[in-house]
Amino acid sequence: MKAERTGTVGTVLWGATLLGAALAALSYVQAGPARFWANWLVWFLFLLSVALGALFLVAVEHLTASRWSVPLRRISERIATLLLPLAAVALVALGAVPVLYPGARPEAAADPLLAGKAVWLGLPFFALRVVLCAGLGILAVAVLVRGSLRQDRDRDPAFTRRARRFAPVAMAIFALLVTQAGFDWISGLAPAWYSDVIGVYLFAGAFMAGLAATALALLALRARGRLTAIRPDHTYSIGGYLFAFTVFWAYIAFAQYLLMWYGNLPDEVVWYQARTLGAWRPVVLLLALVHFFVPFFALVPRDAKGDLRRLAWVAPVVLVAHWLDLYWLVFPALGPAPRWSWPELGFALLFLGGALLWLRAAMARGEDMPVGDPFLGEGLEFRL
Amino acid sequence: MAETFAVLGLFDHADALLAAIGKVKSQDLGGPARLEAYTPYPVHGLDRALGLRRSPLAGMVMVMGILGALFAMVMQYWMSAVDYPIVTGGKDPTSWQAFIPIMFELMVLFATFTAGLGMLLLLNRLPLFGHPVLGSRAIRSITRDRFALAVEAEGSGFDPRAAQAALEAAGAREIEWLPAPDTGPFLTAVTIQRSLAGIAAACVVAGVLTWGGVKLMPVLRPMVHMEDQPRLSAQQPSRFFPDGSGMRMPVPGTVARGYLPPPFKTPEQAAGLVNPLPRTREVLDRGRAEYQVRCAVCHGALGDGTPTLTAAYGAKPANLVAPNIRAYADGQIYGTIVLGKNAMPAYAADLPEDARWAVVHYVRALQRAQNAKDEDLP
Amino acid sequence: MEPESAVLLHRLPPFVEPPEDLRAPALTAGPITPGELDDQVLAFPARRPPRKWYVAIAFTSMLAAVGVFFIGVTFRVGIGAWGNTSPVFWGFGIINFVFWVGIGHAGTLISAILLMFRKRWRNAIARFAEAMTIFAVMCAGIFPLIHVGRPWLAFWLLPYPNQRGLWVNFRSPLVWDVFAVSTYFSVSLMFWYLGLVPDLASLRDRTPGGIRRVAYSVLSLGWRGAADHWRHFEKAYVLLAGLATGLVLSVHSVVSFDFATSIVPGWHMTIFPPYFVVGAIFAGFAMVLMVLIVVRETMDLKNLITDFHLEVMGKVILGMSCLMGYSYAVEGFTAWYSMNSYLHHAFMNYITGPYGWAGWLTMTCNVAIPQLFWFRRCRRSYPWMILVALAVTVGMWFERFVIIIVSLYQDYIPSAWHLFKPTVVDFGILFGSFGIFFTLVLLFARVLPVIATSEMKADLPGAQPGNGGSHG
């Protein structure tokens, strides 16, 4: 019976993914390449931030040698493996560069503001950076996740030592990837604009997304009778960090906005003018609501942070909010009015379906907890 | 008859204390009593064992935090956009963005003081210096490394011996009877609360009185910085000048602005000047106003030389609407105003240049009005 | 273990035993009972301090007196006694202010944020670090007061109803600073004092009599360790820690807004808020590390402030150094990427020109030298630790110098460019502030318990019922 249910879920996901692919391909023709690439970009960045957030969780656990999070690490590792298919998605996303990125077009060489960095903004160097970052992402996943899976079998603490030594490198890779995504993929949409905190901003969003995805995966597995050894203390920690980083994200987002509003410099405010005035205003208000106010007030009571029922709706809200954040960052490049129609739904089916298919396969690999980790026992007892 | 406040049992370990609570609760203590535990540090599970309810502090802090944030927003908005709106840095006086940092800080401040003072004064009712436990032998161990379980009397009929027996059965190492205090505690939290409330009320009253007083009396010493300025005011002496006077004559040849001497010596020489002002309603209104102030007293309201002066004045002012004055050029009228003529003094000092020309326009209007032809009527 | 884990265990092979080298060491070097802890830590306020304490406080008081003298000179003569000039209108005053506020942040991080992360090793060092926060914020607060031309009117910064009918300019980051730093001081003071109350009660009960007993009695508010009280106390403590965590981020961000909200080239960078916070934690940890080394040696607390504590603080310093490196790299990249000639020029001034030496000094001290902490030997030996901590302190002071002076002395209009030359009054007040800070630290160590004994007792092995050691 279980196999049947699994089979049904799998069929639904495949069907959704293929339907989404068809709609997405259709939208290239019907809605135009710009719309197609904008959607591709948003979904690429969304899944990238979920995967990077999960990778960060794994790396920070090794960096701080924390014990309590060991039982949860396998979930984050599996989510981080999304970086592997995302490398291919990134390479395809390079198709967006000539369409959505004014700095990569030949006219940029004539623009006085862009001429000096036309080489940087142009497609060849852009692609090189993307390939480099994709490679580094795959490296991090290979070292941390593959080693962890292998440790399940051989029970060798040598991996733990290696992982702890690799953790700072993984953090550096993470920093590089979020910064590259911020400068190239996001602020490249308006090449005269720049903000040095964009990497930190994406980090905040990615961490929230990674936490929310981990929480959702945990809930999904528990609903299937797995991972029952996870204690309320563990879920409280996830809820607590999600709460804290809701505040951190709001702080970084508002700080960037406040500084640009205050300085009121023409070359900086164009970014926010395109995103907070006119038809985009309701979107930014909605973003503030779902990305900050709702998770904050939902998670502020102590009991709520560890409540699985509460996390069951807060985590999806956070993920939707993070998607909305990226939509709000990218889509204004298309025009002064937000677009939401069948192409967006098509892409949602395609990428959500694809990601869930990948994650379903990942959740079947290895044990649900890193059973070879020397500290699993203490982690289950919630030793800090 | 509660001469004994409580019976204290000391234990060596936290486990022993927790186990003892269960045992003592199940015993018959022979009278109304409640349990309290005293520990050198917070022991997990103790609240549950004693049946203590959760602390309401979190809710209080959240409410006060939100209140702090709202207060900060309202205060800043009222002060910056309502009471004294100023545009600084080109920002709209009603803009909210710059108010967020202070809103956050005041939220934290209100929340912190609620957490700290609320915990101490309200919930724990500390400071409290007269509590019997503070005077016991056991307190030395309690704040060091021992755990105490106290069976406290709740009313008359409390049996200390039964309590002692229950504690010993539960495994207490030492027993101590605490006598009820004979004097009331001093400097309690209640006293502090009342004092703080009194001080706050006094501050509010003083603030209202100050505000009212300041409204009634514009200048209150000692804040008179702008009054007493280290500069030379009128009629003040000065040691800088040899004659000791702060007031000086203007330098010879000083000309007031707008009052340069005219280039003509007689009104006839000014005949070539052209009236630079347009003949608009505003100019004529101004001309009328100036004329009524300066000229009508001698030349009459209608310009016909029938003034309000009495015959005792002597001189006979000119009839401005007579043909001879009508034949004057504008510049000649202007020159007469500036230099004067016969008994008429020079009005150059009383009328700035544009006022003079406005009066010229008005005089022309009077001349036409007093010599109107039929075709002038609408 | 919980039943579920036991069931789970039955389905899996037995757990691997963690090897020793992967384990974190115990929090105390050698077992210690609560009574012994009290005897070791709480004995200090009762004893006469050793002679080196008197020598130290004589030196720091003299330094403080020099500072007070030069502050008096500033009051008498005016800000002209400082090196401030056009266009460098902000000089040592604000450098020192930002520096000291930053030092304070380490204490709040250790006591509040590490409490939120439930890192038990904070217990031995939290009390001292919080005290350092308060003293650092006090030193920082001196500078806004003395740098206004008429310090006796400094209360005009507060929005009170007055006969001029004026309110403060709430849109100015300097007013945000007033609120942020005063809130930070109040919250830190409250947090520190509340944590002290149970320890003061222990001191009260150890002291036989006299003025000291009365003082401890009053200050401990009659604390008696009632379970009812502990429950509210713990809740308040955790809430305050959470609030203080928010403050650490916001206070130094508001301080960074002093610069970032302007349009001076080199100041208007959006990364300033988190960059300043990281820098503050960085500088503060270096100061705490130095002070703790001295404390554990002179007060013989090596079993409580263990090598592990020093090593983990070294790792935090290393991590912050890497984040500072990231910030410098991003700023440098952005300076080029912006294609803004003013920003280019400002950035080149950081590494070339009359103040280029300061820029290189900053990067060497903040990014290069702390990399020594990658090596375990350097994390465990005093000379290396002190070298790195001193380098970080100097480097972070110079970083504020570079940000402020270099961006101001050559901004948009070349005809306004002018070098900044600090005066002896500037230096006197700077060194005097160190004197004030260390005098207060020495007094604290003399009079109050430097380790939070009640917090440490709660986490010793066997302290909590049910298992050996607590787990949050």
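For reference, chains read A, B and C in written order, and residue numbers begin at 1 within each chain.
What we mean here is this: contacts are C-beta pairs under 8 Å (C-beta built on N, C-alpha and C of every residue); 3 or more make two chains touch, one makes a residue touch a chain.
The structure presented is a predicted model; accordingly, all values stated were derived computationally and were not measured.
Trainee: Which two chains meet at the most C-beta pairs?
Mentor: The chain pair with the largest number of C-beta contacts is B-C.
Trainee: Please list the single chain whose C-alpha centre lies closest to the global protein C-alpha centre.
Mentor: Of all chains shown, the one whose C-alpha centroid lies nearest the global centroid is C.
Trainee: Can you work out the whole-Å distance between the CA centroids of chain A and chain B?
Mentor: Roughly 48 Å, centre to centre.
Trainee: Roughly how many whole angstrom separate the Cα centroids of chain B and chain C?
Mentor: 35
Trainee: Taking each chain's centre as the mean position of its Cα atoms, how many Å separate chain A from chain C?
Mentor: 34
Trainee: Check each residue of chain A and list the ones that touch at least two other chains.
Mentor: Answer for chain A, listing residues that touch two or more other chains: 258, 262.
Trainee: Tell me, which residues of chain C touch at least two other chains?
Mentor: In chain C, the residues touching two or more other chains are 246, 250, 253, 257.
Trainee: Quick check: what residues of chain B touch more than one other chain, meaning two or more?
Mentor: Where chain B meets two or more other chains at a single residue, that happens at 58, 89, 91, 98.
Trainee: Would you pull the chain C residues touching chain A in the complex into a rising list?
Mentor: Against chain A, chain C makes touches at 1-2, 4-5, 8, 12-13, 15-19, 21-22, 24, 116, 118-120, 245-246, 249-250, 253, 257, 260-263, 268-274, 322, 326, 330-331, 333-334, 336-339, 471-472.
Trainee: What residues of chain B sit close enough to touch chain A in their complex?
Mentor: Chain B reaches chain A through residues 58, 62, 89-91, 97-98, 100.
Trainee: Given the complex with chain C, which residues does chain B contribute to the contact?
Mentor: Of all residues in chain B, those touching chain C are 13-15, 17-18, 36-47, 50, 52, 54-55, 57-58, 61, 75-76, 79-80, 83-84, 86, 88-89, 91, 95, 98-99, 101-102, 104-106, 108-109, 111-113, 115-116, 118-120, 123-124, 126-131, 133-134, 139-140, 142-145, 207, 211, 214, 218-220, 223.
Trainee: How about chain A: which of its residues touch chain C in the complex?
Mentor: For chain A paired with chain C, touching residues are 65, 113-114, 116-117, 120, 155, 157, 160-161, 164, 168, 171-172, 175, 179, 183, 192, 194-200, 228-229, 231, 233, 240, 244, 247-248, 251-252, 255-256, 258-260, 262-263, 265, 367, 371-378, 380-384.
Trainee: Report the residues of chain C in contact with chain B in the complex, numbered from low to high.
Mentor: 33-35, 38, 159, 161, 163, 165-173, 175-176, 179-180, 183, 186-187, 190-191, 193-194, 198, 201-202, 204-206, 217-218, 221-236, 239-240, 243, 246-247, 250, 253-254, 257, 454-455, 457-458, 462-466, 470
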